[in-house]
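Multiple structures follow.
Next come two complexes built around chain A: one with chain B, the other with chain C.
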Partner chain A sequence: MATTTAAVTLSSDLMSANISVSASSTLMKAGTTADGLDQIEYAVLEIATGDEYDLIANTPTATKASKLYVKNHSIDETYFVAVTQNSQAIGKLYGGDWMFIPADFHDAAADIAITSNGGTNKIEYALIHEGTTLLAT
Partner chain B sequence: MATTTASLTINSTDLLTDELSLSTTCTLTQTGTNTGVEDTTGLNRKKVISTAKGTASGQITLYTADDFAAIPYLYIKNLDTTAGNKIFVYDDTTSGDPLQFQLDANDWAFIPMHGDKTYKAYATTNPTSIEFMVIGKDQ
Partner chain C sequence: MATTCNITIASDIAPGFGGISESMTLTQAGNLTDIDSTTGFSLRKLSATGAVDLVTMANELVEPKDSVSAKIYIRNIGDGRGNIDKSVGVTIGVNAETIGKLYGGDWMMMPLTCIDADDVTANPDTDNTVVLEYIMFYEEA
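And then the complex of A and B:
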């Protein structure tokens, strides 16, 4: 079994007491604490403004675990990408922003799509998962 | 001006032939600017007692639509340690209350959200503890 960990740290001086929140998890297959996710799709793409594109082309299986990471590498703070799942808005990443979620691929149509706004955005993404249904040629 | 950062690391020594060591940091800013965020809900810890969306009570409201301007950043973690005891985050504003994502035991998420939607959480097991925080710009 592969062992993959994901950790987040949030730091801020917004409050009188500094915020320092850290969380870490080992990325597991669905319904177990003993078997780690063992497949990954990892890419960097430039996405032209305008059209909506499927970021996740394969169909992850609903009952299996998937962790999605997306980062917008644009350096223009006015550029952003809108992220949708099954045509529902889930996130909006301006230049420099990232997201990490345990994706909920609850049916076959729950693909992840992305729209670039303001100009061409360079996107880095990773899907760490335990199985997808490959699209037939 | 306050400075707020969010850092991510993803590591594995055996998922790929080479070691996976991904790390990134972003400074949380107000929408479309380089000005740092100014407001936060602070860190909350609550028990989710509802096991369905749309029931009368028991869901936890993570964020109320339009509470913050544009992009609020949500951090949430499922504090339960039993596999299968999930937290479901859903959009309570859009028709049908579509699911946004689900957190199995120990899972966490960080996402710049759409600020015009209310987000709530329910669980598979009553109760399931979560911690969460929203950071952004109040309006």
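And then the complex of A and C:
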């Protein structure tokens, strides 16, 4: 079985009792307890300002247990990418920000799309999944 | 005051994949000032299918600023009594849009708009008790 783990540590002193969270998850295929996600798409892209682009070129199998990691490697804190799904604004990743989400891809329009703002943003992403429909030549 | 979040992804899917280890400091939009507001750490127990708001933006006591650098961390911690079932999950959404499903033990860290309509929703697969822990960081409007 392929084994992929995603661990997080989160700490904050915004409250008088400091917040400290630590968690780790082994990424399994949908509905299973013994079979790990076994495919990955990993890339670094430079995205110029202007148009909105689909981050994932292929079509991952819908409603599975895919996980998506995206980081904005821009070093200018004023640069950001706006993240949308199916025209629904999700949020913004400023320079240095990252996100890690379960990605459902429940229909053809449900890809993750990003729009670069401020300047060219350098984006790293990893899609860990269990199947995708490749584009025919 | 600082809020930091680190991620480490390790995998043997591809021999050449060296893994990911990254850190971020949560700051306000467009500058290096630390983010200043949080909902605090919360647990939400769900015992029935059907979408519910995990965060209702319009109901926050401190109004979040829209379309800036808010983030939310959510984790499915199982039934809250130490039993974590990887085969069932809770579907997380924003507004009417499904984002994805957190199976037992899974976690997510996601940016948010904090616009009033863009509530964060949770919809369990089954009527069995499942507990989500979550915390949102945002800028005060």
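Descriptive notes on the structure:
Note that in this section the second predicted complex is superposed on the first by the 136 of 137 C-alpha atoms of A that agree within 3 Å, B and C clash if a C-alpha of one lies under 4 Å from a C-alpha of the other, contacts with A are read in each partner's own complex, and residues count from 1 in each chain.
FYI, a residue touches a chain if its C-beta (ideal position, glycine included) is under 8 Å from a C-beta of that chain, and two chains touch if they have at least 3 such contacts.
Given the structure is predicted, the values throughout are model-derived calculations rather than measurements.
Overlap between chain B and chain C is detected when the two structures are superposed via chain A. Residue contacts after overlaying the shared chain place A:Y53 against neither chain B nor chain C. Within the superposed three-chain model, A:S25 lies in touch with chain B and with chain C [touch as defined at top]. By the document's definition of touching, both partners, chain B and chain C, reach A:A103. Residues 2-15, 19, 21, 23, 25-26, 28, 30-33, 37-38, 40, 65, 69, 71, 77-78, 80, 85-86, 88-94, 96-104, 106, 126, 128 of chain A lie at the contact with chain B in one complex and at the contact with chain C in the other. Of all the residues in chain C, the ones that touch chain A in their complex are 1-14, 17, 20, 22, 24-27, 29-32, 35-38, 40-41, 67-71, 73, 75, 85-88, 91-92, 94-103, 105-113, 115, 118, 133, 135, 137. For chain A in complex with chain C, the residues that touch the partner chain are 2-15, 19, 21, 23, 25-28, 30-33, 37-40, 42, 63, 65-67, 69, 71, 77-78, 80, 83, 85-86, 88-94, 96-104, 106, 110, 124, 126, 128. Contact residues on chain A toward chain B in their complex (touch as defined above): 2-15, 19, 21, 23, 25-26, 28, 30-33, 37-38, 40, 65, 69, 71, 77-78, 80, 85-86, 88-94, 96-104, 106, 126, 128. Residues 2-16, 20, 22, 24, 26-29, 31-34, 37-40, 42-43, 71, 75, 77, 81, 83-84, 88, 91, 94, 98-114, 117, 133, 135 of chain B touch chain A in their complex.
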